[in-house]
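Here the chain labels run A, B, C and D in written order, and each chain numbers its own residues starting at 1.
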Amino acid sequence: VKRKKISELATAYSNTEDPLVRSRVEDQLRQSLQPSYYWLFQKIGALPGGVKFLVDFRAQLISFCLSNLEIERTSALKSMSSQLKQLLSHWFSVGFLDLDQITWDSPCSMLQKISDYEAVHPMRNWTDLKARVGPYRRCFVYTHKSMPGEPIVVLHVALTEEIPESISKVVKHHRMVKKYSVDSHQSSGSKTGREGEDPSSCEAAIFYSITSTQTGLQGIELGTQLIKQAVQKLKEELPDLNQFCTLSPIPGFRKWLLILLQTAKRDGKTLAQTDLLTIDEAEKWQGLIKMAGNLQESDLGLGTLIQLVKTNSWMEDQNLIAFLEQPLMRLCARYLYLEKRRSNALDSVANFHLRNGAVLWRLNWEGDRSVRGLTNSCGIMVNYKYVLDDLEPNSTNYQENHKVKASEQVIHLASQAKVLQRKLSL
Amino acid sequence: VKRKKISELATAYSNTEDPLVRSRVEDQLRQSLQPSYYWLFQKIGALPGGVKFLVDFRAQLISFCLSNLEIERTSALKSMSSQLKQLLSHWFSVGFLDLDQITWDSPCSMLQKISDYEAVHPMRNWTDLKARVGPYRRCFVYTHKSMPGEPIVVLHVALTEEIPESISKVVKHHRMVKKYSVDSHQSSGSKTGREGEDPSSCEAAIFYSITSTQTGLQGIELGTQLIKQAVQKLKEELPDLNQFCTLSPIPGFRKWLLILLQTAKRDGKTLAQTDLLTIDEAEKWQGLIKMAGNLQESDLGLGTLIQLVKTNSWMEDQNLIAFLEQPLMRLCARYLYLEKRRSNALDSVANFHLRNGAVLWRLNWEGDRSVRGLTNSCGIMVNYKYVLDDLEPNSTNYQENHKVKASEQVIHLASQAKVLQRKLSL
Amino acid sequence: VKRKKISELATAYSNTEDPLVRSRVEDQLRQSLQPSYYWLFQKIGALPGGVKFLVDFRAQLISFCLSNLEIERTSALKSMSSQLKQLLSHWFSVGFLDLDQITWDSPCSMLQKISDYEAVHPMRNWTDLKARVGPYRRCFVYTHKSMPGEPIVVLHVALTEEIPESISKVVKHHRMVKKYSVDSHQSSGSKTGREGEDPSSCEAAIFYSITSTQTGLQGIELGTQLIKQAVQKLKEELPDLNQFCTLSPIPGFRKWLLILLQTAKRDGKTLAQTDLLTIDEAEKWQGLIKMAGNLQESDLGLGTLIQLVKTNSWMEDQNLIAFLEQPLMRLCARYLYLEKRRSNALDSVANFHLRNGAVLWRLNWEGDRSVRGLTNSCGIMVNYKYVLDDLEPNSTNYQENHKVKASEQVIHLASQAKVLQRKLSL
Amino acid sequence: VKRKKISELATAYSNTEDPLVRSRVEDQLRQSLQPSYYWLFQKIGALPGGVKFLVDFRAQLISFCLSNLEIERTSALKSMSSQLKQLLSHWFSVGFLDLDQITWDSPCSMLQKISDYEAVHPMRNWTDLKARVGPYRRCFVYTHKSMPGEPIVVLHVALTEEIPESISKVVKHHRMVKKYSVDSHQSSGSKTGREGEDPSSCEAAIFYSITSTQTGLQGIELGTQLIKQAVQKLKEELPDLNQFCTLSPIPGFRKWLLILLQTAKRDGKTLAQTDLLTIDEAEKWQGLIKMAGNLQESDLGLGTLIQLVKTNSWMEDQNLIAFLEQPLMRLCARYLYLEKRRSNALDSVANFHLRNGAVLWRLNWEGDRSVRGLTNSCGIMVNYKYVLDDLEPNSTNYQENHKVKASEQVIHLASQAKVLQRKLSL
């Protein structure tokens, strides 16, 4: 029935040139295109607990659509999810979110949730958690009136003397801080996170973990705002702080790399014939794995490389580590800086920070040697630098011109990768 | 350009039957129909003070459209106002409004605003204001995170022993209450409004004033919700309270009456020939005004009636008052119960309460003898009764079937008016 | 019975030299000297509302003792009042008082109380009150957990460009400020008192009114602490502020002056024979009042002077005003700087500020031309200056050595008065 | 010097009979007996952090006096501690303490402190802690303005269906509750402790742990008030709750018992010759330990009993447990009900609850089988019952007439013990 109405209006629209009529038909079309459940959602949202219900409902929609691939079935649900997203985006507009700083004086229930939600660098226990809200640490969350006690987005910040190369440095610093924490605790029983800190050793603020907790709010970008508000808060508290930087994972690198390697293998190429290694490197690789007794004659090292990367076992051999640093760093620069999907960075985390206007600043070899780090990105981590005055132009440039702002290190590595690619395409 | 896009999509929609294609085109249409300023408004709303700015902006749009009657100029602005209204309706959804009870312990700035905004029964001074938040009085407001310290809607309630017939009774009760207030103040220095009250004399809650303060939120119905939440709060505080009723003005009655009278005059009718007075009444009227030396021969009393109603001067003559009670009450019942605009009650206040599901309960002769009251409605006031369990069905019945639920008194008066109308149309 | 116990202990104490025994007897004496109602008061204080009850009870004790002069009756009550004072001084220790800044956003009930309690410069209406908590004004109060909503001490501060000479200048500035207030109100609907202020024109903070509201806390000095905390708060808010000064009444001057004059009259002296006027002045006075036809031959002007001062009528004659400035200012300096009671300044307000360590800084002729001002001090007002670093030494010097720190103006005037006194005593 | 003054005043007091003079001398004596540090303490208390400093200072005084037994050295310090106690008792008067209910939404820092301070039944981890503030549990604390974030006294309450006999039952119930907690957490993310509770199974409120955290407040009884306020709060929340009862340790029982046993041994008595066992029991005991091969001929079982009690090893043998129940319960009743120190119950916990007016209600064999429980009281625990209307008379009766209100069970056991004592003394 409603489709008929839309159809009539569409026809009417096509058949007139009168702007006043058009304007009226536009209004009617707009109204008719609003699905009836839209009004229902609005009603539900006005009930106590209704907003939370809709957020959870959308999370279920999304998960259902992901696990059901028949387009006929899911297209209506996707449309519903998209309508719901629009409604939720109004309700979760920045002005309705409360920025809270979480400290050891925050409610236990809140801290427990922050611990439960932490996906990037999980916490082992309450001592660990206490350290993450203690001296030289800041933890910011967004909360929302409609979901009391629930952290919507969580951002962890470390205050350091210099931009760290590896997450374990942040963790080590952690331990040092724990000592501080204990001391200051005993001497003064202080309440703010600042106690026991030496402001002069707070040169850089490192965003080392950011988590959106609500699947139902997918696509509504709150993390960007949280980072910006956190930067502002930190500037107010520590006016001398002037470096803002992430220490970020590269979730898709190893997966992307393995696809390249396996495609090459399927195509019957040798390593030297790919754009992944230089000819010199390919030869050196053969020597290395021959020594290690690993060479499978048939593929001249490609299969072995796949195997080693897949199992993360190259990390057990210092020679392999030393050799792989250059090619993997180069390929990672290519992955982050050159690989695109619909003109955006292929890597989702990269895309997030670049859209915010951050600079692709430094790749860190052995940045995260945990199993998680190796499986994500062969242990490489990356710093995205937030230079406040440049965020706006960078962001526009990235979104409109698809230009990525990167440091010399990254550009240099990526250009080496490009040479190999070009060589191949000749 | 965009119209071209819409036009193309409209054509495409008309030309296909495939549901999947339709669904996709619908999405695209929806997107294209969203005017570009919609996104701008969203951006503004996310800025500090942005929501308040948009509310004020819409107030300006509305006032501009009211004072500019050329449709070409205002149609785009009206459309903008309507889009803005939709956005604001999301942001001012009930879940985002805070219900506050205002007492003498509330901020002075808030109380001053409540005094400034009070349009229905203006306050003369702070003693008056103190009485309105004191014993036997409740004052509820909605506030909104984005407009701190601003009462969005204000509802004044009086707790009385019986449903009052006139606003001055509420005011007299006021004075009595002021005495209470002083006593309780001196004896206990109490903080809550309840002190000094005798719960057993709180039989009825009278909503004697409700004000929406933001022109920019016109069309977004918040008053209904405020009344409902207030009823709930009052039930919690005083479980024995079981009558909820307004004492309301009838803002359009006299204006409507004068139009009827003047049309009759223009048409050269005598009073006896109209459906306003019975023939007996018309005769009696002539006698009355002859006695008073007021009769203009030419119109047999119609002109004099118009003059007296226009100037409110009939209130100065007890005979006129006594005579006019019956016809004016009958006409007022006709105005409220029978007169419609697009199937709704013609009177805006009546429409508001009937849509909420209230009962048109009692007309009160000399309910408000102030100039304001006479000018609105020849001094008549009306009680709308809120019977909790009936609100939902009444509201549906009114909105869908255009049935008004009224008391016997009102129905009786209106049926007398109907007889006169019918007589005339024969 | 108890007296017997004390007597025994007293004898025991006198009869021993053993320090251990003495120490034990001291403890017992201390215990026995504690009157039984002391424990009762403690019990009462622990009950809800108990502290407030005891404060009011002490107020009644004080008022009863003032109106009953028979020492036998009141000595026990005075002792009780003094015990109660000690207990209350523990409960109203500074750490238990909350410093609140009162603004237009504070509860109406609090603002009303502040208005009611204001004794120094009474407020006429709510507009006046709003101005006193508006821009260029600060209002601080102490509140106490046991008396919620009750301002214990109230301090009014004006922020000015220079130290004002008269209270009406503060009031005029008031009017100017009211304009500001309106403007800032309309433009921004701001919440803090600071809006609409130009910090660069806040050079001096003038304490123009301080009121202790609880008679029952008489003798427990809270005003001093409130001033000190207010200074600290103001320094935090306006770091450039560096002058802190009162504009104070001189409540006892005229009364003291009239006693001197009347004594002289009773002693049959002429004005020239007193130490109040110089011989030249006395002659000039005779001339002046002869001109005005006021001279009573018998007393050569003394009776007329008494009469004029008593009725404040000298204020109506410019010649008298001009003539009296010098002698009254000189006598006022003598009153404030030289007159003592038990080594303290005779004037209670002077004693309060000098004990706080303030400087007796400037006498202001025609500082307060209101009836109140004339009746207190022939219209003279005085500034006490609070120089933060000097407060401690000044205070000690005043309390231990009875030295008053005063400005050159005051010392000069007082030395002239001294010359007259000495002349007389020769 | 001051002693001279006191001495003079004491002499003056002894030598006069005039009540007015006496009264004046009393005032002077009172003043002179106030040591000079009393004023210093008052000054310190007015400084920020001063009260906390004095509490800690008194804690050090107490600990120093405990570890230094020379009376000459400590008498002055004891006097100082006593003066300080008086001052602190004013500042920590009930009206100045805030009653807070601690839940999982309370600050982590507060919950950590509660966990750290818990001495009676230590917590193993955060899950344990969460259970203690979760469903069927209440945790109340007193806090004080001068020591923010510090729990002064902590009271743990369990809501149960019947009065539990053993602490492990409370713990088992704990586990059951944990399940509830998890369920309710997942289903509703509720905030209050009440969620997931069935009010109808809350028949009794068990005070199973009360801890005063500040040594410096020793002798200032805050626990009593906390229990009373907690009872009031619980009655408000659960009006049907009507049993209030402790499950308390008996800290001094085993120590007292061992002294009795060792004295008997030193005196060369046999068990049968003591008033600890009946002759039958003594014989049976010999048989039992003979069987176990434990008998030392020399003392006919006394030494073995001492040994077993000292090492808690009797708990490993069911026969010994079964045998010892009767004599140990009897002796424990004697310890709690009959043994006195200065007319008060010898056991400090008993004395606390009896002074509050509670009833010595039930001894529970194997109430606490933990090492702690065995070492305190051979595993016996005791319930003190708080019958609200009887508290006042019971308390007075205990404090003035030294009468202990006990249940039949306790009286019966104690009378058996008395028979043995009497037999011996014949």
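We take it that contacts are C-beta pairs under 8 Å (C-beta built on N, C-alpha and C of every residue); 3 or more make two chains touch, one makes a residue touch a chain.
Quick caveat, the model's predicted, so the values are computed rather than measured.
Novice: Which neighbours do subunit A and subunit D have in common?
Specialist: Intersection of subunit A and subunit D contact lists gives nothing.
Novice: Between subunit B and subunit C, which partner chains are common?
Specialist: Intersection of subunit B and subunit C contact lists gives nothing.
Novice: Please compute the C-alpha centroid of subunit B, do the same for subunit D, then give the distance between them in whole Å.
Specialist: Each chain's C-alpha centroid was found; their separation is 66 Å.
Novice: Just give me the whole-number Å value for how far the CA centre of subunit A lies from that of subunit B.
Specialist: Between these chains, centre-to-centre, one finds 52 Å.
Novice: Report, in whole Å, the distance between the mean C-alpha point of subunit A and the mean C-alpha point of subunit C.
Specialist: 66
Novice: Two or more other chains touching the same residue: where does that happen in subunit A?
Specialist: none
Novice: Which category does the touching pattern between chains fall into here: line, ring, star, complete, or other?
Specialist: ring
Novice: Which of the residues in subunit C come into contact with subunit B in the complex?
Specialist: Result: residues 104-112, 126, 130, 148-150, 189, 191 of subunit C touch subunit B.
Novice: Name, in rising order, each residue of subunit A that touches subunit B in their complex.
Specialist: Contacts found on subunit A: 3, 6-7, 9-11, 13-14, 20, 22-23, 26-27, 29-30, 33, 42, 45-48, 50-51, 71-72, 75-76, 79, 82, 87, 89-91, 93-96, 145-146, 225.
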